[in-house]
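In structure tokens below, several structures.
What follows is a pair of complexes built around chain A, which joins chain B in one and chain C in the other.
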Partner chain A sequence: MAGRWQWFHRLGSPKWFYEKTTRWLPWLVGAMALFLTVGIVWALLFLPPDYQQGHTSRILVVHVAVAGTSLSFFPLMAVAGTVTLVWRMKLADMVARNAAPLGAWFTFLTLATGSIWGSVSWGTWWEWTDSRLVSMLFQFFLLLGVISLRSAIENAETAARACALLSIVGCINVVIIKYSVDWWNTLHQPSSPISMEVGSPNGPEFWVATAVMIVAVYLFLAVSLILTTRNEIIQRENKAQWVRELVAQAR
Partner chain B sequence: MMKPHRRKRLGLVLFIAFGMSVAVALTLFALSQNINMFYSPTQVANGEVEAGTMFRIGGMVKDGSVEQQQESLAVSFVTTDYTNDVPIEYEGILPDLFREGQGIVAEGRLNATGVFQASRVLAKHDENYMSPEVRAALEQAGADPENHQFRANPED
Partner chain C sequence: MGAGTGGAGALTAAGMGGMRMFDGIQFNSLSEFFAMGGYAFNVWSVYALFAIFLIANLALPLRKRRLILREQKRRLAVLDARDDSAREPADSAGWEVSMAGDEK
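Here is the complex of A and B:
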């Protein structure tokens, strides 16, 4: 039993997670600050305007990065949920629990930035008949559903299992969001092809800023999730010896 | 090795996920036509739209077809999917991205003479981004940067 699976069970130890992330956090925050600064400055000052949209296309650097990242929440919560259901690890549930509100914010930002861009480019803030838009809104409501399901069930373990199942089922919607623009007629444009040649349509001068921003937003997600999970570890494990020592040290 | 009770639970989780996916896939397949946001000119020409009903049509604005009235906001143009054309009449403010060769979605109904009376016109942006310089260079080289097919019905 031991041996092969030991690393996996150590991963589920809140103490191990807390100690490791104390060391990782400064690096993650530094990298996030760097990528965010480069991405935003590039998008605002150096990104060439699009021949049709003009300067409006700068919004898309943020929109695409936030939208892409928001699609990772249900898979993340589903993996954590599966670990909760099968191995009953506390840490996995703490991560899943803190991911849900973060995911709701990311999804909200996606809808907001998209709406602002659409009002200028399409001539409408919202289209109920567009399957990309509506499936993204559905993800927002699903995440609110996961959050309220957690608070609606009194027993913490039952709540964790119910949320885990809803997260696994919610992954289906991620596939629908991703392929909605290919499967059906939508107002929303499909994903852009990437060209490696400078000076061609969709060339690096357009997508590198977005790529930098995607890394920045993923780092932001990692930092936020680690910080909120660490908070929860301190709260849930407040009777453990190592937490008491930590608190005593801080005083 | 995984403990048997854990393997059983993992199997149950996978079974539920698989079952839900199949159910959703079947539902979407049954709904697929209703989920489409607009009809293409070819679908309209094939009589897939009932006469007099409100619907949306999507296509490219045909080059040289836009006629703007001088004294009013009335405009007429032809939308095409390069197989069939549908003439459109509209009165109102057009979105910024509206121009010839641009993808659009219009909402309204067909009148007796087969002209689409639009109550709303939306511009559709495609997946291609380029700077004005790149576009100018492409045009000079004789390429037609706007000649990308309008993806009206992806299944076809």
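Here is the complex of A and C:
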């Protein structure tokens, strides 16, 4: 907490974050709505049926976007956790704390959509011997672990540090998820190389639609995480003068 | 990132491989759209879950925000009432309000 770091603390202050996001939110929400609409309409109506998967390829646009984005939670929480551990920045811990439940939602949706797709294409809903499936399930349990660790430790600062450590260690699993399909190729296919040729497997008619959906899902992650973090700010900082003024102005 | 529609248009204009990126809407009727080539359950359950996921993670934080602001506002009103009654101890109604608020 040396004097020279004060600017850094001010930069990461809850008030600074709240004021900035008040200005960013309308743009983020607008962009999210646009990309989501384009992505969903494209995937449901315009995507040509796959020659093997038929119309179930429409599932993959959602599945790939949500699954890819779900891998960003542990790195995000690890970075926020490192900031918490080194600089004890309150804001970083608030972000990390609110990221965990959202990450659990993302991971659950990945597992559910993958299972629903697999029941057609693989003829099975679940396969315990597949490394991608099991490592993804492990990420779900790890996130539940982070959430329950937070509530299990009484002292807020100790809880924040323990969660930060678990988040950093949890990044190992992200690497395992990412390369599982290459290291142990059992059931889940490796990611298809992007092709520029329309009509080929993973041609632009598929991957551009998926890219749009990935942007949409990342924007959604940002919007949702900003909303929950702002809630925590007005709750935790309720004694600050600027929050009192905000409360007084509300309706 | 304008790749959404702009990029797609550019690729179409290039006329790649004789096929176009947009062959228009892939269904000839509404019932065909709902049927999804026999995979209605799989496709629609995924999109239903996706919709729940999106709506829940936007609506719940917004709802919580309303509740927090309402609760804080009540708390501030109680504090204000306490200040007022401290200045005017004769006003017993103010005390009752603050005591009720303290109970929670």
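One rule holds in what follows: the second predicted complex is superposed on the first by the 238 of 251 C-alpha atoms of A that agree within 3 Å, B and C clash if a C-alpha of one lies under 4 Å from a C-alpha of the other, contacts with A are read in each partner's own complex, and residues count from 1 in each chain.
Note that in this section contacts are C-beta pairs under 8 Å (C-beta built on N, C-alpha and C of every residue); 3 or more make two chains touch, one makes a residue touch a chain.
None of the values given here were measured: they were computed from a predicted structure.
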- Could you look at A:Ile172 and tell me whether it touches chain B, chain C, both or neither (first, second, both, neither)? first
- Query: Which holds for A:Trp87: it touches chain B only (first), chain C only (second), both, or neither?
  - Reply: first
- Thinking of the overlay built on chain A, is A:Pro48 touched by chain B (first), by chain C (second), by both, or by neither? both
- In the superposed arrangement, which partner chain does A:Gly199 touch: chain B (first), chain C (second), both, or neither? both
- Which superposed partner A:Val38 touches (first chain B, second chain C, both, neither): second
- Message: Contact-wise, after the overlay, does A:Thr22 reach chain B, chain C, both or neither (first, second, both, neither)?
- Response: neither
- Query: After lining up the shared chain so the two structures overlap, which partner does A:Thr158 touch, if you call chain B first and chain C second: first, second, both or neither?
  - Reply: neither
- Query: Given the touch rule stated above, what does A:Val120 touch, chain B (first), chain C (second), both, or neither?
  - Reply: both
- Task: Determine where on chain A the residues touched by chain B overlap those touched by chain C, and list them.
- Result: 48-49, 120, 199-200, 205
- Item | Complex interface listing, chain C residues touching chain A | 1, 3-5, 7-8, 11, 16-27, 33, 36-39, 42-43, 45-47, 49-50, 53-54, 56-58, 61-62, 64-65, 68-69, 72-73, 75-76
- Given the complex with chain B, which residues does chain A contribute to the contact? 1, 48-53, 57, 82, 85-87, 120-124, 127, 129-131, 165, 168-169, 171-172, 176, 182-187, 189-193, 199-203, 205-206
- What part of chain B is in contact with chain A in the complex they form? 1, 3, 6, 9-10, 13, 16-17, 20-21, 24, 28, 32, 35-38, 40, 56, 58, 94-98, 102, 105, 121-135, 137-138, 145, 151-154
- Task: State the interface residues of chain A toward chain C in the complex, per the touch definition above.
- Result: 35-36, 38-40, 44-49, 54-56, 58-59, 62-63, 66, 102, 105, 109, 112-113, 116-117, 119-120, 196-200, 204-205, 208, 211-212, 215, 220, 223-224, 227-228, 230-231, 234-235, 238, 243-244, 247-248, 250-251
